[in-house]
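Here come two complexes built around chain A, the first alongside chain B, the second alongside chain C.
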Partner chain A sequence: MLTVLITGLATGMLFAAVALVYNVMYSTSKVLSVTTGHISMLGGVFGAYAISVLQLHWTLGLLAAVVAGGAFGALTELLAIRRVLNRSDEHLWLLSTLALATMVQQAAGLWWGTEPKPFPRLIPQDFGVGVMDQKFWLPIGMTLLMAIGLELFYKRTMYGKVFMAMSEDAFAAQARGISTDRIRLMSYVLSGALGGLAGFAAGQLTFAFFALGLTLTLNGFIALAVGGLGSNVGAILGGAALGLLNAYASYWFGGEYQQTIAVGLLMIVLLVKPEGLLGDRQVRPV
Partner chain B sequence: MKSRFVQTTHALLMFTALVFGGSVLAADPIKIGWISSLTGALSSAALAENQGVQLAVDEINKNGGILGRQIELLTRDTSGDPTKAVNFAQQLAFSDKVHVVIGPVNSGEGLAAIPILARAGVPNIVIGSIDELIDPQKYPRAFRVINTNRQWISTANDYALKNLKKTKIAIIADTSGYGTASAKTATELLEKAGIKPVYSVLVDPNKTDLTDEMNKARAAGADIVMPWSAATGLLGRLLNARGDMGWRVPVVGHPALMAAQIRKLLNKPEYWESTFAAGYHSTTFGADGKLPQRTQQLVDKVRPKLGGGEIDVLFWWVAMGYDTVKVIEHAIKTSGSTDPVGIQKVLESTKDFKGVFATYSWSPTEHNGFPDSNMTVNSANTFKDGSFKSAPK
Partner chain C sequence: MNSLTHTHKAWLLLGGLLIATLPGWAGDQYQLHLASLIAVYWILIAGLNMVVGFTGQLSIGHVGLLCIGSYAFAVLAGKSGWHPALALVASGVLGGVCGLALGLPSLRLPGFYFAMATMAFALIVNDLVLAQVDLTGGGIGLPGPLFPAPFDSPSGFYYLVSLLALGVTWLSWNLGRHMWGRALISIRDNPVAAQSVGVAVFRAKLTVFVFSGVTAGLAGAVFASLQSYITPDTFVFELSLFFFVCIIIGGRGSIIGPFIGTVVLTALPELVAPLAKLGNFFYGLLLLVVVLVVPEGIGRVFDIIRERLRPRVVHREPISPDLARLDRALKYKP
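Showing the complex of A and B:
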């Protein structure tokens, strides 16, 4: 039973990490990009490529994952977000980010291959250590570090405060002389780097697999919606809840009920508490 | 004088047109549509099959074609997308007016495209394995050259029960349509043999760890684990869970257990031991270390096209691709034309047609041509030069 708990927690923390990436992007653009999960997929693939194929040290593999994630984050903002937001208030970003996500997945499939490939061991450790295996603890630890780092970033740095200002009111921030395009681009690079990091940390758990993106996009969104949009603690709670529910549903009832229970959870939370567990209630003054 | 010259020229031109025009008509190519998935997911099987298809077409054309007519191969790449398979099926049947269609490659595409080809009345060589693709009533001109999924399952079940003498079976399948249907068929076939699985579970193909399922199987007293999934990630995780647990239980199941990608996903190479999967006699090394003669001949012909070194694709795909064209050649040659009714009649009365992949027989009521006698079980970690060693008997 302990393995159910740890497996669920580890997968849940990966979902939570994707939810954190959503939060960073959302703070400056109010966009929930479909490419969010694909960033983590790229982190896993580029990390595995750098370490296994190029035979680089794992620290350089980590750097490759972060750079690939950051670059794809920037590409998302430049190609799929900026022009759409500048021209229309409609939710056309859903289509533009979906198109970019599809393209990057196809490209990864053609280049990397369509079969899952192994992600190398990062820390020397025997196999067969059960729940102590690094494949579980790396994503858990990394996500917690990411959440703490983001909290510090928002509270202690100038750019963090600028992100917050844009999140509160982008027009007011612009009026105060903040270059919103530049800040939005920065937030996408930051979120891309974080997504790449998460994909790298969870690589041993997920394998380096081109088709991982959409699963992460969906589950990360569920974690975000359950926890509450904009709340990092909520993202962690939502991710953990989703991962654990998935694992226990699969253990008790079988894999065929896993997705139903996950989406069922989303529906229940949205019905009872539409703003999520820790989200802000959006009240529009009239 | 001038008008006589013009008349003579006209007469000569008409004569030329009649003679050569007639002969051009007689040498109209035989059009074979090949709905493949050469790019995208699942392309590895299609690329290997394409080698076999192309080789057979080249050979036949070099030897003068079929009934003096060259084969024109119209290859269409679906990228594994059923929507494209449907579009290509329509295009090949109605615009290109092909005489026969091979494919599509994947069962999901087949489910979508085969009814269209049936409606158009085009003879169809089916290379997908799920049972629903063949129905002599609904699709009277669809003939299968690959085994059925049921044959894979019953071969694996027989090996577990009769050779390994294991009766406490754990079935682990994935939640895809294929996995769910296979788990059901496996359970039915076992129950017919008087065996009730001690543990049966469906798992999400992307589940990150299978330790829990394997622990449950062990707790239920399983002495053999039978996975039914084509997802190499899932199979790799299952074998890793078995290895990490130190559980020395045999694993017997889907041919994907033997895929080269599995080896790369394993924590240790020895985790692949005691793993067996349904395979074919035609691509199994005999006790003398040799392949059947027909297979070896084809290996020798194909090797230069695959780079000249050791063959690193599953050779049964190449052999099956080759056979699809040879079956078409047999049907058209025997019936004497490309008339679809004639092709159907010939194939329905074909008995023991010797291909490389298998020896095929079809009848009016049975359009599955692959014989049980060509099924066998291989040891997963014995891949060499495109083929495998037999599992211990």
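Showing the complex of A and C:
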């Protein structure tokens, strides 16, 4: 019973981490990128590649995951977001990020293989330790650390305040002399690094698997929508709720209905409280 | 678009003739199979085009509806022993009902939310198919039954799907060029403005989504029969992306564009071997390039080339003040 709880919390925190990545991207660009889950997938795959294949120390593996995530975040912004945002305010970014996500997933599948491969142990530990296993505590700790770090970043640093200014009103920020293109690129690099970190930390839970991206994109988005778009605390709560629901649903009904129940949760929340638990009310469309 | 010119009629006649005589001049059985596959895809894409191209609702989960149609046909005509024609109709109806069930909650959501909801729908359908082993055979799959006598040969089946495709095209053409189509395009371009001039936005979206569900169900039924064996692996999420790319490349708000897109994109990987290996990477790349360079669709490229070759004549009418009149006006005293 305790294992179900801790499994749910750990996967939930991974979803919450993806939701945080969504939030960082959304704050400066008002774009929800389909590539968000794929960033974490890359983090897991590159981490596993550096440690298992290249036989590097795990700190270097961590570095590889973060660099891969950050690079892919920058690529997303430069390739799929910048031109589309300059062109118009249509929902074309959905298509461009979807295209990029498919490409990176296929490329990862061709290079890494389509089988899930085990992620190496980071800290020497017995396999029989149950709930104290590192595969549960690493993602939980990492996500909480990420959330606290982001909060400090937004509140205490100049760049964090610039991010906030852009998320409030990009035009006003530009009029105040902020280079919005550069800040957007920075936010994508930052979110990419965070996504890579999350994928690395949760690697032992999810395995290094090329098709993980789409699942994470969807579940991270559900966590975000349930918690409220733009709210980091909401992302953590939404992620935890989703993860626990998933774990208990598969404990009671079997694993086949996980996805159905997750989307059911999303639909209920959206029907009852469209802005999510802690989100701001949407402004009117005119 | 409203009335057909003689050139259009000539092209239509030529196209119809080509389609009708295809079993005569197709090189081998495989090419005929490919032509049938194009027709099957087109049945779905013609309906999806109404949703994506005209109404601007980016549904990336239609492969779920296709899957439902396929399994409905395989179960009803195969296991339960219904007449295939009846099963075909039932698949269409079931597709429509599932479209309604999916559209009712999700069409209220804005862009990205809607896309995610439809994607989740596709994943759910796949999960359920895997879970319901008694009904669908789980991961092992089901055989797709053949149609009876005149349609059981490859060429007969080809005529059947072509007829269906023709019917769906005719329906969507009628839908697109009249008041409905205008209303849908207005929803795509500006939902608020559409609402303010009296378009019932949600009802229009829902109706067209149910229509696309029916076509997806029909397409699924003939797809099962064409593939002769279906497993959950047939209905991967990337198939949705393929449908999507066909429409975006052809250009939104057009019917002939996505049709050409479907023909070219289905045939291309079969004819050019290296592309088949890259598969979905190629489709992703294509989608990215089209969205970044020509979001209006490939047809726009031809327009640009035509304008380069034959620049439009711009009438220059210099504006100069009528000095005499101005003078009179200034000196005018009542």
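A few remarks follow.
Here, the second predicted complex is superposed on the first by the 282 of 286 C-alpha atoms of A that agree within 3 Å, B and C clash if a C-alpha of one lies under 4 Å from a C-alpha of the other, contacts with A are read in each partner's own complex, and residues count from 1 in each chain.
Simple rule for what comes next: a contact is a pair of C-beta atoms (placed from the backbone, for glycine too) under 8 Å apart; a residue touches a chain by one contact, two chains touch by 3 or more.
Because the structure is a prediction, the values reported are computed rather than measured.
With the C-alpha superposition on chain A as described, chain C and chain B clash in the combined arrangement. Once the two complexes are overlaid on the shared chain, A:A10 sits against chain B while remaining clear of chain C.
When the two structures are aligned on the shared chain, A:L32 is found in touch with chain C, with no touch to chain B.
Look at A:V226: by the touch rule set out above, it reaches neither chain B nor chain C.
After superposition on the shared chain, chain A has more residues touched by C, the comparison being chain B against chain C. Of the two partner chains placed by superposition, only chain B is touched by A:T206; chain C is not. Look at A:L79: by the touch rule set out above, it reaches chain C but stays clear of chain B. With both structures placed on the common chain, the touch criterion links A:L122 to neither chain B nor chain C. Residue contacts after overlaying the shared chain place A:S250 against chain B, while chain C stays out of touching range. Of the two partner chains, neither chain B nor chain C is touched by A:I140.
Put simply, chain A uses residues 106, 110, 215, 254, 256, 258-259 to touch chain B in one complex and chain C in the other.
Chain A makes touch with chain B in their complex at residues 3-4, 7, 10-11, 106, 109-110, 114-118, 127-128, 130, 135, 205-207, 209, 211-212, 215, 247, 250-251, 254-256, 258-259. Put simply, chain A touches chain C in their complex at residues 32, 79-80, 83-84, 87, 90-92, 94-96, 98-103, 105-107, 110, 214-215, 218, 221-222, 225, 254, 256-260, 262-263, 266-267, 270-271, 285-286. Within the complex formed with chain A, the residues of chain C that make contact are 56, 58, 60, 105-106, 109, 111-113, 115-117, 119-121, 123-124, 127-128, 130-131, 191-192, 237-238, 241, 244, 248, 278-281, 283-288, 291-292, 295. Every residue of chain B that touches chain A in the complex is listed here, in rising order: 39-44, 174-175, 180, 201-204, 206-209, 211-212, 215, 232-233, 236, 240, 243-246, 259, 261, 264-265, 267-268.
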